[in-house]
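Chain lettering (A, B, C and D) follows the sequence in which the chains are written, and residue indices restart at 1 in each chain.
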């Protein structure tokens, strides 16, 4: 990335939300990811944003580790809304083609079937066994259209096409 | 006044506070060209001696008969300059102020061009008003040499004792059965660890013994009317069911009472009987029956009779006491934030999570555990204790402010615990430790010296171990940056101070304002920290904001001296901005009218049949509601006459009227908010031209119409929130008067969004800023052309209406 | 009572036994479930929202439109869907600007968001039926069963939008577990996330979170866990095997879906539920309740 | 209800299958008032004599001539002050009161039984 300027969306977020952060660590205390992966630290992430090191935050794999449990969102005494900021960061990273494969697979599935997961054979068998109704196909054309017009990008390869 | 006005204008730089944005020299030069202006100068500091000397000299030299200073808010320096012109022989009411600092330079820092334009307009408006100023004589009212202190905590006790020692009669009204307040509940005090009740107890006894103090306990203030020096206060004394004169506090009645209920004084950790004194050192030492808990067995009556007395009376009724009061001191204190609202910390859910005040009662030798700190679950002394600070403070979900003294009482509790139990592990979890006053940092150092562990970090949540009932605190260790779980046997939450229950009601009774956090709001944050905006009312202690004991005591004494200052003089000058009736115009001589009588919130107007209405100047508070509502324009408010206000409107709208907003702001709330926006340096669009009136009740419908007739882009009418009006009902009357305009204006062709009717308190600077931004948006959206066209279309209608009402 | 039934993707496509239990329990309570024609994935609140918030919002709005056409409030079984659909519903109703923008996109597929329906989770629907009424149907209380309740993050957070229960110390689910006659035990880290959101990037660490929670549950001597969300179900039910394979530890904590508990308490035979499709063995629970075959 | 949030000193009512307990825990003083619903006949004497009107008498419910529920009583923890009046008067001995695990009845200890009822008869 050769950008120097912070993207407008991010700048606004930092100005309106992140700047209130007083580094109390409420977000880290109950963060499930921080428990499993000590390198992940939402407080330090906010600090970096305040200091303007946004490129580092954006390109780091770390932002993709958040489980989106919103505990930090609720715990924050200053209303920084950390999990929502992580979403914004991930959106910006996706625009720059940095989304991990695991995330993109669901989206591809979505475009193909309208579901983010596949119907497995075992599940099909147990559906019949349990007497559940057939699963009806989704009009994927609609979904594809919506994804296209909102500028959804799958990955860098797609862009080249 | 018949002589030709000779006006002197002085534009103040206020150092760089004004001069950095406004070109003062240019404003002064331009102002010199205005009619009747004899001199126009700029100066670095008008309020300093040289500045004042300059005014005095010019008055003599140029025979000035009007003086205008363009500087800060009139709420700040108007009295200063009035004195200045008075000493030069000019009537002080021939002075007028233009507020170009709070309303201009401070809030348009990045737009000097617009700021310059606005500053000049403000000066022009002041000049226009000045031409119509009249000399007025101040009114002197007698002052009753009796003070009322509301609240018998440590601040109230000191205020009462000081005033009583000065020789004034003091009524001390306390809500609960005993005085002493929160301090009586404490075990020790910081930073010297003296026993709290040992130092407070003698003061409480002094209150009871002092010949000048009349203690009215178990009572509340119900109603207040009147004004400085002459308040009429109604106090309701709740029935104790024990005759105070008869009871000698022997306690035999409590011994035979079968009902045990939790004792509020012990934070509901211990019990008391249904007939009780809250604590052994209570003042007055009189029993009270809690009828909520009493089962009417009358055992206490028997016991009392056995002692040869007959102090218990189950037929006692509520009693109203009327008091004549000169000054009022509000010392109603604080409450602790209800920690159970911070659900993540589990107070009320987990047995071994306590609040600091609960610990305070436990560690107190006369508390429910005789000084033993024990866990709820197993009554064992904990091996480790964690203190958590900032519970209910510094958090946008609870209270945004810092509660100030929590850090210090946490330190004190930690040290006390360490003193009692040297082997207990004591941890303090904190974000920032604030120890700013004398001896406090040393106290913090001492706590570290004693081996108390300080861990930086704000706990996210607490869970209880299902078996051991220990508590596990999830937090980030900020020194390592890693999340951790801290297992501890007991948690103490340091709750923030919040306004006491009933503060809102009391504020309404006294018609004083409260700040955004709900604490009572002082007249000026720096220079009048004790005074209410209403003359004759003072605040002290935690009623005004969270405070520790030394600060509360000094405020108590300060409030005593501030109110003693008034009572010592025996009489007090009040501003002569009262209403008066022109007997010739008053139509009550011909028809039965009396509208003014019904509108006056103070009953200051009388209208006998066939005679003109009459204003009792001593009773008049000067809101101006009667003036605006008089159908024959017979009433005038001195210093805020129709002619003066209309002159201001005209002056403001001389140039580019379509781009301007005429804002009518009431002196107490909306003007206060505008001032606060300035002092806070909030930036907002510069379209507004502010006209200050004492109350929104003064704002005549004609003023709005006149402004539109002169081509104003927008008009804003604003006042205090409902229930907060400084003159009881001015804003209700204003609403009744202005609201119909929203339906009327479209019929003339004026878009209704060009009129705004807004209510906000003096603390809501952010609201004022938002409002200005919105109005600026509206102006832009409509555009000059459309506004001009609308005004053109409406002009004939407006003129006709104004003629009809004789405006 | 009739609802537009939104089971999500995970439940019908991977864990049909959850759908079966929910349908049986709700049918017994007299709730009619109407399938939503042409409803897609809600727009996964984790993966999809992370990639493009706008697309996420539009996809969610499309599903809301389907329910609006039916004129019925939505009942979601999955907490993820609950967060997505409710967030979209609340924000679109609140924010006029956003609504116009989303409707512009939706017009391409000839749909329009009107804001006429509500989104409800299973517990909200049960509350609507009334706890007294539910309790009357429970003829075979699960007495003596110690249950560790797992709320699942998206059921209660973000609280300013979902506005369902306290985000840190919720109580609704515990009360509903108590309703079946079982005891909801208190245990450490009750609100710890299952870690499903981490699985896409780091499966090993996601298992670590499961392991962590299971230890606290075991410590509280619970007989089983109760969940409300298919992702939590997969995490706790499926991952126990992985943990066994990877670390050699042998966690054996049965995991039940709350409607399964309801069904058992209503006297529906365990054989009629898909309990055998669980990867953990539910037998100890049935044994304790005296229900085992 | 283990999950409910409590305030200090508040009376907590617990409804079990055959027993209702009213419990107040102060730091060093635990009070307990229990009603054994098997022994209780639902006569309502306690309700008539409660000085705080904290006990509600629930008569039997009938469907036709068939009784669908026995008569019983219900406590209001907001009003109760744990005086023990009901314990002292219960003809079936279905009510019991404990203070610190010792069976005690405050109104009997203070000998106020006669005076308390005087007001009502």
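In this text, a contact is a pair of C-beta atoms (placed from the backbone, for glycine too) under 8 Å apart; a residue touches a chain by one contact, two chains touch by 3 or more.
These numbers come from a predicted model, not from an experiment.
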| item | value |
| --- | --- |
| Result of counting contacting C-beta pairs for A-B and A-C, higher pair | A-C |
| Most widely separated chain from subunit C, with each centre as the mean of CA atoms | B |
| Between subunit D and subunit A, distance of the C-alpha-averaged centres to the nearest whole Å | 56 |
| Between subunit C and subunit A, distance of the C-alpha-averaged centres to the nearest whole Å | 21 |
| Distance from the mean Cα position of subunit D to that of subunit B, given in whole angstrom | 48 |
| Per-residue overlap in subunit B, given as positions that touch at least 2 other chains | 343-344, 349, 461, 474 |
| Multi-chain contact sites of subunit C, meaning residues that touch two or more partners | 168, 186, 191 |
| Sites on subunit D at which at least two other chains make contact | 3, 5 |
| Subunit A residues within the subunit B interface of the complex | 22-31, 34-35, 38, 41, 43-44, 71, 75, 77-79 |
| Subunit A-touching residues of subunit C, taken from the complex the two chains share | 9-10, 12-17, 19-20, 23, 35, 37-41, 44-55, 58-59, 62, 105-106, 108-109, 153-154, 157-159, 167-168, 191-193, 195-198, 200-202, 205-206, 208-209, 212, 274, 277 |
| Residues on subunit B engaged by subunit C in the complex (per definition of touch) | 343-344, 346, 349, 461, 463-467, 472, 474 |
| Touching residues on subunit B, where the partner in the complex is subunit D | 256-262, 267-271, 274, 293, 295-299, 340, 343, 348-349, 358, 362, 368-369, 374, 376, 379 |
| Subunit D to subunit B touching residues, read off their complex | 3, 5-9, 24-29, 31, 51-52, 81-85, 106-107, 109-110, 112, 115-116, 119 |
